[in-house]
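Chain IDs A, B, C and D follow the sequence of writing; residue 1 opens each chain.
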Amino acid sequence: MNSDSHILLIDTPDAVGLIAKITTALYKRNFNILSNHQFVDEQHSHFFMRTAFEGSGDTADLLADLEANLPAAANVRLAPKGKKKLVILATKEAHCLGDLLIRAGYGDLNATIEAVIANYENLGDLVKKFNIPFHYVPHEGKERLAHAMEMAEIAKKYSPDYLVLTKYMRILPPEFIALFKHRIINIHHSFLPAFIGANPYRQAYERGVKIIGATAHFVTDNLDEGPIIHQAVAPVTHRLSATDMARAGKDLEKLVLSKAISLVMDDRVFVIANKTVVFE
Amino acid sequence: MNSDSHILLIDTPDAVGLIAKITTALYKRNFNILSNHQFVDEQHSHFFMRTAFEGSGDTADLLADLEANLPAAANVRLAPKGKKKLVILATKEAHCLGDLLIRAGYGDLNATIEAVIANYENLGDLVKKFNIPFHYVPHEGKERLAHAMEMAEIAKKYSPDYLVLTKYMRILPPEFIALFKHRIINIHHSFLPAFIGANPYRQAYERGVKIIGATAHFVTDNLDEGPIIHQAVAPVTHRLSATDMARAGKDLEKLVLSKAISLVMDDRVFVIANKTVVFE
Amino acid sequence: MNSDSHILLIDTPDAVGLIAKITTALYKRNFNILSNHQFVDEQHSHFFMRTAFEGSGDTADLLADLEANLPAAANVRLAPKGKKKLVILATKEAHCLGDLLIRAGYGDLNATIEAVIANYENLGDLVKKFNIPFHYVPHEGKERLAHAMEMAEIAKKYSPDYLVLTKYMRILPPEFIALFKHRIINIHHSFLPAFIGANPYRQAYERGVKIIGATAHFVTDNLDEGPIIHQAVAPVTHRLSATDMARAGKDLEKLVLSKAISLVMDDRVFVIANKTVVFE
Amino acid sequence: MNSDSHILLIDTPDAVGLIAKITTALYKRNFNILSNHQFVDEQHSHFFMRTAFEGSGDTADLLADLEANLPAAANVRLAPKGKKKLVILATKEAHCLGDLLIRAGYGDLNATIEAVIANYENLGDLVKKFNIPFHYVPHEGKERLAHAMEMAEIAKKYSPDYLVLTKYMRILPPEFIALFKHRIINIHHSFLPAFIGANPYRQAYERGVKIIGATAHFVTDNLDEGPIIHQAVAPVTHRLSATDMARAGKDLEKLVLSKAISLVMDDRVFVIANKTVVFE
C-alpha cells in the first residue's frame, strides 16, 4: 500500500444515505475508491463499511467532514499504517507458533511478533531462533489471576495491538481479558459450538463425528463462546483415534488461526454483539 | 453385480487370525476377492469386515465353515441380493423427498421407495407423480405414541428394510424406534453435535458460525444423538440470515442424506455402540 | 421482494466518483440501500455494481438521472421483476433435469421451466410428470446446424430469458449460440480447464487425479471455454473406476448447475471478456 | 511403533488366494494384524497390500515364506524402521521449506531433513536456524545438466530416501530424475492437469476459475505429469488478482506437500504406471 492509499473504517447506527454521504465526501476530495464493502446488521440496525481508497487529498479534513455529517454515534477512523504488533501466549505445542514465526519472518503476515510468553519452557529454543524475546512465566504455585497479570505486565511493555493464543491451554481470568477487549485471538481445536472446553478431540472421537474442525475467535469471559472469526473443517473416519484426530487437527488449527489473524491485521473484521462481520 | 457376486459381512469379538481364517475359507472354495475392508475397534475389541467376492462356489457351505471356525459370538452373513425397500416419513418439505424420488426413479439409488407417510398433505401430489403410495397420517388431536404407531402399522405392511426421515419434524417415541432398531435414517440440519433440537439454523445464526452443516444418523431414543453415518458442511458469512442459512442448507441436507442412504444400501455401514464404521 | 424493492445493475468504464454519483441519486429520491456490491476489473478498467434498494420513489426518474450523469458508455438498468423463464436442452441423463424440476416446482429456483427439448425420448415421462412441455427433436439424419435451428425455433416460442443445458451432449453451432449470447448455461463434468471435451471422467481416471470437479459456464463458440460461473470439487481415490467417478460426479453436477442458475436468476453475474464477476 | 511392530508391503501380479496366503503366513507365526489395506488395479491386474502387524515371530522367515508362495514377480518387503531421510531442493520461497523445518523439528514429520540445496542464497539463514546444512548451488553460467548433477553429487552424500522440491523452480533433466526414480516429490501450484508449466496462478487468473489448487506428485521426465500423490483446492473469486491467488495458494501448497510427504514416509503410497495407490 503506497503512502497515498488508506483504509476507511466506519460503523454506525444505520440511516438512509450513509453510503452517499461517505462516498461523496471521498469524491469531493478526489479520492479514488479501490474497494468497498458495506453491511447492515438488521438485528441491531447497525451499518459497517470498509473502504480502501487512494489520492493526495487531506484525510484529516475527510474525517472531520464525515464526523460532522454522519450520526453522532458513528465510529469513523482510518486504519493505522504499517504492521500491527502481536504478543503471543503459548503453552507447549509448536505448530501454530512455528507457523506464525515463519510467516512473520518471511513476509506472509501483515504483523510483527514482538514477544512470546509461555507457561512452559520448551518453546524457548524455537522462538529464539527468530530473535524474538521469549518470556517463561510458569503458572505453578501461583493464583490464576496473579499468573495472568504477570503475563499482562510483560505483554503491555510491547504495546501490542493484539494478543494471539497459539494453543495457550489455561483459562484467562476476566481481569486479564478486560485489558485487551476484542484484542485477544484464540484458536480452539473444535468446530465451535461443538465440543467446548477440554479435550475436544477426545469428545469428537467419543461422539463418532465424521468431520473435525477448528475455530478462531475473540476471547470473552465465556470460555470458547466469543465472536467467531474463522472456521474450517476436515473429514475423518472411524479409523482415527482421538490421538490421530489431534494430529490431523494441527493443520486445521494452523490454517484457521493464521487466516483469522490475517483478516484482523487487514482491518477486515468488525465485532457486533457476539458475532463478527468479516469483509473479504 | 452378477449372480456369482456376493458381499460377505462379518462382525465379531477380535481374535488373532480372523482375516486368515476368513480369506482361507473363501480361497478354498475358489472365490475371488474383489474388494476387502477390515477394521478393529480397539475400544470394544471388535472386528468388522466387508468382503466383495465372486465365484461359483457354495456360499451356504462357506457360511457354515465360517460359523464353525470364527468366535462363537461372530455375526456372519451375506448381504441380501437385490434392492432394499424404503419407507419414507415426511412432513412438509419437498427437497430431500424429491431428490430421493428422482434418484430411485432414475437408477441413482440402490433401493426402492415403497411408500411415503406424512403428517401433512402437501407432498401427496409430488409422491403420486412417481406412482408411489402416499399415506397422509395427520398428528393433530392424537397422542404422540398413537400417531407414531399408526404410521408404524402402515410402514410394516411394506416390509421395509429401512425407514428414512426426509425432514420429518416430530419426535418419534421409543416404542416406534424399537420396532426399527438401527434401521431409521434421519437427516438433521446441523453439524451435530452442534445445535441439537429445534431450529438449528436459527441457533447457527445466533452463534455467528462461519460454517453450517448437515448430519445423517441412525435414530435412537436420544434426540439427535444416534450413530452418525455422514456429515457435510458449507461456508456461510455474516450476510446470511437464519432464513438464508436454511435455504443454503437444503442442498447439504439432500447431499448428506442421499450419501448416507447409499452407504447403508450398499452394506457399508456397521454400528458399534453409538458410532458407525463406514467402509468406503 | 415487495413491489417497492428493486435491483439496480450498472456496468461502465471506470471513473472517479461513480459510487458517490449513484448512491447520491438513490439518496436524493429517499431510496434505502439494502445491499450493495461493487467491483472494478483493473485489467479492463471497468466498473460493476449491483444495488438492492427499496422505497416509493420514481425509478424511471432515477434511471434517467443516472444515464445523464454516468459515463456515456454506462449500461444502467433495473433487474426485471418476477421469475425468469428457462428452456432446458437435455439428452438422456435425468439427474440435473430432475433436480431442476423439483426445485422449480417446489420454490427453490427463482425461475420457471417453460419447456424441455431433448434429442432422445427417454426423459419425456419425467418432464410430463411436472406438466411441462417436452419436445423430442432427434438429431439423427440431420445436419448439426439444421438440428440446432429446429431446437432454436421451438425455444424461441417460449421467449426464454436463458437456456440451460442439463448434460446436453452435442456441440451447438455458432449460429445457435449467437441467438442466445451469454444466455446459455452449461454444466461440464470436469474441473475446467482440465479435461475439456469428451469423456472427462475417463480422462480424470487415466490421469489419476485425487479430486474431480464440475463447472457451470456460459456457452461460447469455443467448446468448454466460456466464462466460468461456478465450480465445485469432490475427493476421489484410486478405488474409483471411471464409471464410479461418473456416478460420484452426478451430485457435483447437480449442485454446481443449480447454484450457477440461482446466481444468474438473481442478477448476481456479470460477464467481462471471458470471465464473470459474481456478487454473492 | 514399538520394536515388535512391522509394516509389510506387497505388490504383485494378481492371483486368486493372495490375501489368504499372506494372512495365513502371518497367522502361522502368531502375528496380529493391526491394520490392513488391499487393492487390485484391474487395468494392470496388479495387487497391492499394506499390512501393519505386531508380534515376536521371525520376520525373515515370514518374508522367505511369502516369497516362496506368492507369484514369482511379487515384490515383498518390510518397511524399514526409523525415520526416512530427506534432502530438499529449494529456490527462493520460504513457506513450504519453513513448514517442513518446523514439522521435522517438532515431531510432526516422520522424517529427518538431512540437507537443503538451493539455487539462490536467501534461504540459507532460515535453514541454518535449524542446524541443517545449506548448500548454495547457483545455476547461473552452468549447463542445466551440469548444475543438476552438481546438486545430485551433494544430495547423494546424504543417502536420502527421498528428495523433496519445495517450489524448486527449474526443470530437472532426465539424467537427474533417473538417479531418484519415484523418489522425488514435487509440489505444483495448480490443480493438475490444469495449468501445467510456468505461472499457473497467472493462467488461473486469465481463465477466470472459481477454484485454485495444488498438486503433489512424483517427478518424471514429463513436466508436471508424474503420478499424483495428493491434491487440494480452495475457492477464489473475481476479486483476486494473479498475485492474490499466488498468496492464497501458499497455504494449499504447504498443506498438500506436507500431506503427500507424510503419506510417503508412512509407506502408504504405491506407484502403478503413471498413477498412485494411496492407502489411508
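To be clear about the criterion, a residue touches a chain if its C-beta (ideal position, glycine included) is under 8 Å from a C-beta of that chain, and two chains touch if they have at least 3 such contacts.
Bear in mind that the values here come from a model prediction, so they are computed numbers and not experimental data.
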Exercise for the section: Going by C-alpha centroids, which chain is farthest from subunit B? Tell me that one. Expected result: A
Completion exercise
Taking shared numbers over all numbers used, above half giving same and below half different, the subunit A and subunit D interface sides are same
Problem - Intercentroid distance (Cα basis), subunit C paired with subunit B, Å - result: 35
Practice task
Scan subunit A for residues touching two or more other chains and write them down.
Solution key: 35, 39, 239, 280
Handout entry: Topology of the chain contact graph, where touching chains are joined (line, ring, star, complete, other)
Key = complete
Problem - Residues of subunit A defined as touching subunit C within the complex - result: 16-17, 19-21, 23-24, 26-27, 30, 32-36, 38-40
Practice task
Spell out the residues on subunit A that touch subunit D in their complex, using ranges where they run on.
Solution key: 35, 94-95, 98-99, 101-103, 105-106, 108, 126, 129-130, 239, 247, 250-251, 255, 258-259, 280
Completion exercise
In the complex, subunit D touches subunit C at residues 39, 41-42, 191-195, 207-211, 213, 227-233, 237-239, 241, 274-278, 280
